[in-house]
């Protein structure tokens, strides 16, 4: 078997995507197969490429705000947060304390929403149709809460330099608290239906084994990294916004397989709920928008702002030249690096395991393509 | 050998537990609605396409002063408006306000920058058309029609 | 045939077979419609959705409309397919599905023809489906189709073994291959499921795999192989596969009912020789609903796990079971 | 390398120009200027620590293309940004064999700026289409080009007045 594989005989090319149910969008993977074994998967990117970095360079910085939501459509608020964060850092503006809390609350809701969708989609990739409908029921509650404050359901454009567009009210706080207890009551159900299921466990245990060295070589971040035992989370490692004020854990697992990534994400749901609870308790009064000059120019110089997106480390690197248009903006997206290890990770794997691996990487293709 | 039977037992149990959960959900009420027949209440803060709102004091008029702030600030360049000077009227009179909704990303910049707060979001979420031009909304006509 | 016509009358036995075949076709189509509706409705309810609601009362006519749509669709035959085999595959899959209906005893007097080897006849005819799937996969000239077809062949061949071994346990007790004989051996509530529940479970698991149902739906595995062997089929080609799938499910569940759940036996009904078919159908649909329930609960197993499950669990268990049955009978 | 200081000490071996910057203002801890000949040694040094490659990106200046490498550390907060000017023939040595993650980042930089990474295993277009190799979308027009001084922060103002740009506007 191996000798035949080494010779490269009996191999054939299987084209997976850009329209394939488990590539989650317009990712294309060219698989060199041997029977059902994937010998060499090569991702092909760029089907959803929009050159966001060029767009940022070609117009005044406030005009990039809507773009920030359109890279990773599942964590638009976290991308919002990163972008206003980098502009604030470069221009030396501080958002009001209440605004920072609102940003954290909405970001965590957004993270929960992304994790819930991922949970459903991973199980869908493995062939179970029902859990995604249950996670969507939960996710819908978050979307309703966020819609009420941001006005949109998916591509939010909510945060502004200095604060947020609309202050949250008591109704929002109350609904979020209701949601927290609802989500807590749902988790045992997922434990029984998904985590405990023998077929599910056998499908993702010992599949796609990541290790810390691989993580270093490829720049792996996010829950997949924490599954290898490295407790690296930007919210803790380089705290931004008001995250230092909250007490939460960084869940880690040591096995580094898809199951570990799964468990980390499921436990992160609980941690996000904890952050939400504390943020709602501590929410300070005051304005939700700081006084910001109407025509803000970006000073010369550069600044980075790293945030923890549901998929890993998101970095905005903004270079200003004294005008209102950025001279250069680099966006480092987590899935880009996370996907780049696919060829090494999935060599010699079964086709079904490749689907499980891609599901547990939690890919969002427009984010990779930018 | 012990593991062999233990796996059968735990595995079988987990399958039955899973089936009990879906069985329980089977008898619970549905959570979705039949969309065109039933509609969920829309959030009052929902962002549909922008509209010109009418003055509270003078309900027959919109508040737009044709200052073109929204046109300048729009990230997607989807607003096209024009005003003209008319005799006997103070300020500019709006003669055209076209919104290219195919480009609009509903960021809300125009609503925020508008000095007289003449713009607001509508609650329209059903947009149907056969060509791109069907989504070029004439906000001025809309506000006049609405009287 | 013509000589028969010339004599002016049909032999009674031939008439009976023709009538049975017509009934079989009615059952096949009726079952596909009922199952299609039930599957979608129940899938909806398992997922807290209402399911089909638009056509008729609670969407009850949905399948009729879908059928019309599928018939009206263009038959797309992609270039570079093997045209003859590509057209033949759905027919080869569907045609054998009708034949077993003739020998299934729905009620004491509702049976097309009782063969002495009825059980073997059903198994032999149903096995043709694998060939159809292989042909479909091969002739489509699509790698996903071929992968699905290959999976299907391996899976079906592997699961025939535990299935036949458990059948043998039953045959040892009844001493006949005649389906009517097997049902009559269980009269008076002495259903075999009470004596050999393990055999029932093995048989049911094997039928799930044989009919390519979740969690063993690897040949179509939509998240991996898009639609497996059916990828390239549209319109009637697709709907024949679709109907064949439901018919094979029906046959598999009928066999389970005949072998383990006492066939038509149940509380007595008026005109029981005919109406006890009601009990038969009730039991069959209970099993079919369980299949639907399983499908909408579990993820799909992986291919090696599927075969492992067969060779490591089902085959040893059914062998031991056969041995135990034989020993008990001898004592 | 257990702390930021030990990292700085380790860099003395190469030797590279290291500047410690204010994290609150810049979002990274160390700014490094490298010669292209030092790049591989620099990457190999980081490979021995607990560092990972965050991204590779470019910057088009009057002097040519400036490629920046950002690394961060899994163990302790130490994010560093290294600038390297591309050689005269617009090329740089690859680090894709040291940090495999650089493979795609370098391909992306090649797409956007046309920087050739020497000995890169597979320098085909990644995000752009195969026939767009000459597009190089992030190269700026000549009149828009700036030199490094124009995009360097004037630290003196920043020290006593935290928001220089705001002040300027208010006045």
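All chains are identified by letter, namely A, B, C and D, in their written order; residue positions are counted from 1 within each chain.
We take it that a contact is a pair of C-beta atoms (placed from the backbone, for glycine too) under 8 Å apart; a residue touches a chain by one contact, two chains touch by 3 or more.
Just so we're on the same page, UniProt names per chain: A = NADH-quinone oxidoreductase subunit D; B = NADH-quinone oxidoreductase subunit I; C = NADH-quinone oxidoreductase subunit H; D = NADH-quinone oxidoreductase.
Note that this is a predicted model, so its numbers are computed, not measured.
Touch-path distance (fewest steps) from chain C to chain D (NADH-quinone oxidoreductase) is 2. Relative to chain B, the most remote chain by averaged C-alpha coordinates is C.
Summarising the inter-chain contacts, the pair of chains with the most C-beta pairs in contact is A-D.
Here the spacing of chain A and chain C, counted between their Cα centres, is 44 Å.
A straight line joining the Cα centres of chain B and chain C is 50 Å long.
Centre-to-centre, using mean CA coordinates, chain A is 25 Å away from chain B. Counting partner chains per residue, chain A shows two or more touched chains at residues 130, 134, 137, 193, 197, 199.
With touch defined as above, residues shared between interfaces to two or more other chains in chain C number as follows: 46-49, 296-298.
Chain D (NADH-quinone oxidoreductase) has no residue in contact with two or more other chains. Taken as a graph of touching chains, this assembly fits none of the simple shapes: it is neither a line, a ring, a star nor a complete graph.
Of all possible chain pairs, those that touch are A-B, A-C, A-D, B-C. The touching residues of chain C, when paired with chain B in their complex, are 42, 44-50, 53-54, 293-294, 296-298, 313. In the complex of the two chains, the chain A residues touching chain D (NADH-quinone oxidoreductase) come out as 45-46, 49, 51, 53-54, 57, 86, 89, 91-93, 212, 215-221, 225, 230, 232, 237-238, 292-306, 313, 315, 317, 319-322, 327-328, 330, 332, 336-337, 340-341, 344, 369-370. Looking at the complex, you find that chain A touches chain B at residues 59, 62-67, 70, 130, 134, 137, 144, 147-152, 155, 157, 165-166, 189, 192-193, 196-199. Residues 23-28, 47, 50-55, 57, 59-60, 68, 70, 72, 74, 77, 79, 81, 99-101, 103-105, 112, 125-129, 137-138, 140, 146, 150-154, 158, 162-166, 168-170 of chain D (NADH-quinone oxidoreductase) touch chain A in their complex. Residues of chain A touching chain C in their complex: 12, 14, 20-22, 33, 36, 123-130, 133-134, 137, 193, 197, 199-200, 202-203, 350-353, 355.
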